[in-house]
Amino acid sequence: MRPEISRSRTWAVAAVGGVAALLTAACGSSSPTSTSNTASAPGITASQVTIGSTQPLTGPAAPGYSEIAPAANAYFKYVNAHGGVNGRKINYIYLDDQYNPTSTATQTRKLVLQDNVFAIFQALGTPTHLSVVSYLNSSKVPDLFVASGCNCWNNTSQYPDTFGWQPNYTIEGKILGQYIAQNFGSKKVGFFLQGPNDEFGADGFAGVMDSLQGKGLNVDSTPAYYTPTAAGAMAVPAAIAGLQAQGVQVIVSFSVPLFTAVAEASAAGLKYSAQFVVSNVGADPPTLAGILTGGSLGKRLPAGLIAGTISDTYLPLLTDASNPWVTMFKSIEQTYASSLPWDGNVEYGMSEAYTFVQALKAAGQNPTRASIIAAIQNSHWTDGPGLTPYAYSSSDHNGYTGVQMVTVNATGDLTTLGPIETTDDTASGAINTYSGAASTPPANGIPSD
Amino acid sequence: MLEVQELSVSYGAVHALTAVTFAATPGAITAVLGANGAGKTTLLRSISGLVKTQSGSIRFNGQELVGKTVEGIARCGVAHVPEGRGIIEELTVEENLRLATLWCLGRRERERAIEETFALFPRLTGFRRRHASILSGGERQMLVIGRALISRPQLLLLDEPSLGLAPLVTAGLMALLRDHTVGTDMTVVLVEQNARSALSVSQRAVVLNLGEVVVNDAADVVAADSNLRHHYLGF
Amino acid sequence: MRATLRNSTLVRHGLFFLALAVVLLVLTSFVFDPYTNYNVTEVAIYAICTAGLTVLTGINGQVSLGHGALMMIGAYTTSVLLTWHPDLPLILMLLASIATTGVAGAIVGLAGARLRGPYLAGATLALAVALPQVPSHFASVFGGNQGLNVPTPSPPAFLGGDFSPEQWLAWITLAAAVITFFVLANLVRGATGRRFRMVRDNEVAARLSGIDVARTQVLAYIISAACAGLAGSLFAYWVTVTSPSGFSLNLSLSLLTAIVIGGLGSLSGAVIGSFILVYLPVWTGGFASSLNLSSNVANNVPLAIYGIVLIVAILVFPRGIAGGIASIARGAARVIPSSRGPTALPAAPESSQ
Amino acid sequence: MGLFVNITLDGITNGMVFAALALALVLIFRATKILNFAQGAMAMMTTFIGFTLLNRGLGYWWALVAVLAIAFVLGALVERVLIRPLQGKSELNPVIVTIGLLVVLEGLAGAIYGNSSRGFPPAYSQSGLTIGHTKIAFSHFDIFILVAVLVLMVGTLALFRATTLGLRMRASAFSGEISRLLGVRVGRLLTLGWALAGVAGALAGFLVAPTSSFSPYFMDLILVYAFTAAVIGGLESPVGAVAGAVGVGLALSYVSGYIGSDLAPLGGFVILIVVLMLRPQGLFSFGRQRQV
């Protein structure tokens, strides 16, 4: 008998356990609060999320920008060392495209077809990323936080899986233009742009012109263009000489750092003391100084060369030691990427990585490609390093919505000029002063849900 | 004194020279004769080091030449005038001459030797500073002979100097050659297809056929042997 | 039957290329994953272009450092036509690209027929650098530096829903490659090829035997450019964006490198060279990333290895890899005289010398 | 008018820089009939070595001298190790080997120094001079470039025309076999040609680095223009190389100043084609076409 009883009890226990297991499994597949990880999407395993990116690690856009992906990766390493996201480590593969659209196209195919990434993250450059945005959307690969301010990323009907992150060039241009109209009303304004027919230069130009037109300003509306190649760099002095010949006094520059540096150096060579107003992407002082002075070697150039340059920012100033985001990122940089300089590119890369972790968390225990898109569109994140809120919604894939004007001071650091301002990318959209409070990072440095 | 012993040369599977043995004495012209492809040019090129030899030895005044570099052999006093008038067309006539003096003559001797050569070939004087490319065939031959003699060689190797020249010019050249050889300590090896004119100035003759020596005798004996002439020399 | 096989180059080549086509069809359909198909497509594109370059440089003796620019003309022909008439069939795009590039080749060839050796090299090098500036300047037609987007050709519906676009493009490209090689192999074996080689080996002799040297050289240029145009058109579909940066001097130099490393003057060398062009960077990149190096070193080691391979390959195989294989085969044939002789090498229907 | 003057001066300075590298190409072409695609990369490498020396605290002129010496050895080494074994093979083989060398050197420099651009110190001030009351785009450093390249050109000419070493070098280049038969040690002279070209290239690197973004690729484009210039000049003439280079420099400058910077390379191409169509052997060649 005994054995009988014993056996029946065993059966009972087994039955109860089995039901419980079934219940757990059922919950796991339907509820994000479950604790078991599955390979829920391409690039996602129980223990890892693989994401990919194309970056100008070499070539004409490499100065400065080549630090962005390593900086983002440093933040991911920090997150991984602290348990990852829902127990998954982030594996970030970034490939060199040399800022060459053809190479972007082939490298992106490799990431999607060979490395089987979950999403493309932080792919850098307007002309480069435009070559793959259709492919990614037709393949339903999330294309998150393109490292470029082109308005084109905000196109929810054609590119439902693509999201911008930084304020787009038109938003930025409008605020830069307003500053010029208010402060340099009597001067002749000209343009130095990447282009022609480059969305980066064109969007910025459009934004600045929105704010300048109809205000009786003296504007030379034929821009000087540069090509972002080695050959293009050689032609810059002649282009700057052309602006000088036109009597331009304020040069609005939508240029990558190397070309900002060459342009300012050319002007100095011509003893042409125009006021440079440069887009954020081409104005990071440590990057410019690095290019101009040759790092450890050269004497610093005359302070007048980059000092006085006017630009804008949408992240806290690098030198603001009282800002908790700055101190946090700086300490992560020192631990996980000590070979990188502390500059705007590193801050950019880490801030964007922070947003990605926010999105990945919001996408649930077992994220899918659709769930991360939905999570970003429905996000109303209040914490983040940016000065302004994100614009994300189901009809808007723009990221930050505004900037604060800055200038390079005599010691080569940035100081702010006035309040944070927000606007949209329509010609008529008003520019408003933003008065929301700045957020502070979570204690462990990893976004909470 | 040039002594070639058991010299063999091959290009891949083709044997160009097989166990060639002969000697050439100073103060005399030794003609090397034979049909096209008999190995005459190969013989000269192996003496001056341009062709790698397979076996055998080439001794000149007791020195072994096999294994030396081309320029090393030239500096032993061997002047080789290659087939097809080896002048450097892009240099001037004077530069062509000067080039041959650089390793063997002192600065002052050099200028004198150049003047002497122009005196020997007055026709070249007018082209002194012109590119050698404008010279006629005969003038080119004067230039190469002059250039060969200017370095005062002890062994002169001439490859087909009469090729393409008018008979009168050839005769003049041959006479000049004899005048500069007989009674001096210079050894001359003259490769010729034109056996008749070669034999007229030579003291000895070596006849090659398919890379082998078939006759090695005094020049007048060879010239007199009508059977030999008929078989190998074509006149 | 056997006699026909041996005597008619056309029939023998026809059978060979038919067999090749079947093998490729099986491989791309059942063996390769989409990424392999994507890479094989690239190999085929380069093979088409390098086959044309082989005819020009290897067989006719005219150096070109500017074939990347000719590919660019083909790519832009397709891309511009597609932006105007997106619905035109793909075959029309390919033919149009062959035509425009052929015309461009005639112009380059006419100018080039006056030039020799390093001067021709210099002129074509300058072409390779200068021509990409045209689309970057005339942005309204050519899209500037950003270039023109090209839609990936979608496979016809009857192939089923899960038939990947990569596989479809691989089919198209490999078909184009097989046809190109069939045509060129016959051309090279025939009277035209003989004329090309005579001009290469001795212009004066060719002229004396009644060959119009300039006309022959221009013809070689046209044939070569037509191949580059076809390759360029397929390249546009493959990359999906046609921008000047895709046709840098690097591309032109790589194409030349491919034919020399592969084996100058041999069509099989063009295929070998194209394989190396595509797969060597993949292998060196994989090797470098397995070493776990710092980023500067990791980014650059593949480049350095690539260069070393180029140098060593030329030093070890001065006649290219196809030449090296041929001489090893000849050596083997000499050691074992009873084994099949050179006639047993249908895979190399070139015979340059 | 001011624009024209500045554009012209800019063109001449650029042209002089191309000329330094074009002279290096001419030296090698004269010696070995090879187009050295690695010339720019070799100059890049030596300039990076100079950069390291400067960073270690060596004075500018000492660093320059050291770099020129290193370039001499590097040039000789390349000829001996990579080019010599290819003698007598297809004429394209050396081209591929030099392309391979270019890739290796750029990879090596990138691995050691990184791919980012940096600044390189000029010998003299780079800010424009003031003549009367007008500022012009011509600096002390530009004057230095002009003088250095002219000295290089005159030196090359004097070497070839007035010395017996130059005579031997020319003879070796035109006919190696005949020169050897005349006792000229041809092998050494070919090596010397490459070594001297290395020196000329290294000088070009030092002149270019401060005026462009100094990175492992900074000589690529200069090489293309230098190559164009050398071809225009006839590939064998130092004067031709300099004339061609100034022509190319001016063409680039005028096109970018008056038409559009993106079309600049077309300017170089157009003058190359015009020259070659009128004179298929370049401007200052020996006109060897008569031989054919």
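Order of writing sets the chain letters: A, B, C and D. Residues in each chain are counted from 1.
One rule holds for everything that comes next: a contact is a pair of C-beta atoms (placed from the backbone, for glycine too) under 8 Å apart; a residue touches a chain by one contact, two chains touch by 3 or more.
Not measured: the values here are computed from a predicted model.
Among the remaining chains, those touching chain B as well as chain C are D.
More contacting C-beta pairs link the chains of C-D than the other of the two pairs A-D and C-D. Averaged Cα coordinates give chain A a centre that lies 39 Å from the centre of chain C.
Here the CA centre of chain C is 32 Å from the CA centre of chain D. As a whole-number value, the distance joining the C-alpha centres of chain A and chain B reads 80 Å.
In chain D, the residues that touch at least two other chains are 110, 115, 220, 260, 262, 264-265.
Counting only residues that touch two or more partner chains, chain C has 129, 133, 136-137, 299. Shared interface positions of chain A, i.e. residues touching 2 or more other chains, are given as 57-58, 196, 227, 231. Interchain contacts give a graph that is no line, ring or star and is not complete, per the touch definition above. Applying the touch definition to every pair of chains gives A-C, A-D, B-D, C-D. Interface residues of chain C facing chain D in the complex, by the touch rule stated above, are 57, 63, 111, 114-119, 121-123, 125-127, 129-131, 133-134, 136-137, 203-204, 249, 253, 256-257, 260-261, 264, 296-297, 299-311, 314-315, 318-319. Partner chain A is touched in their complex by these residues of chain C: 33-35, 38, 42, 129, 133, 136-137, 139-140, 143-147, 149, 151-152, 166, 239-241, 243, 245-246, 248, 294-295, 299. Taken together, the chain D residues at the contact with chain C in this complex read 29, 33, 35, 37, 82, 85-86, 89-93, 95-97, 99-115, 216, 220, 224, 227-228, 230-231, 235, 260, 262-266, 268-270, 272-273, 276-277, 280-282, 292.
Within the complex formed with chain B, the residues of chain D that make contact are 164, 167-168, 170-171, 174-175, 177-186, 286, 288, 290-291.
Residues of chain B that touch chain D in their complex: 48, 50, 69-71, 74-75, 79-80, 82, 86-91, 95, 98-100, 102-104, 131, 133, 147, 151.
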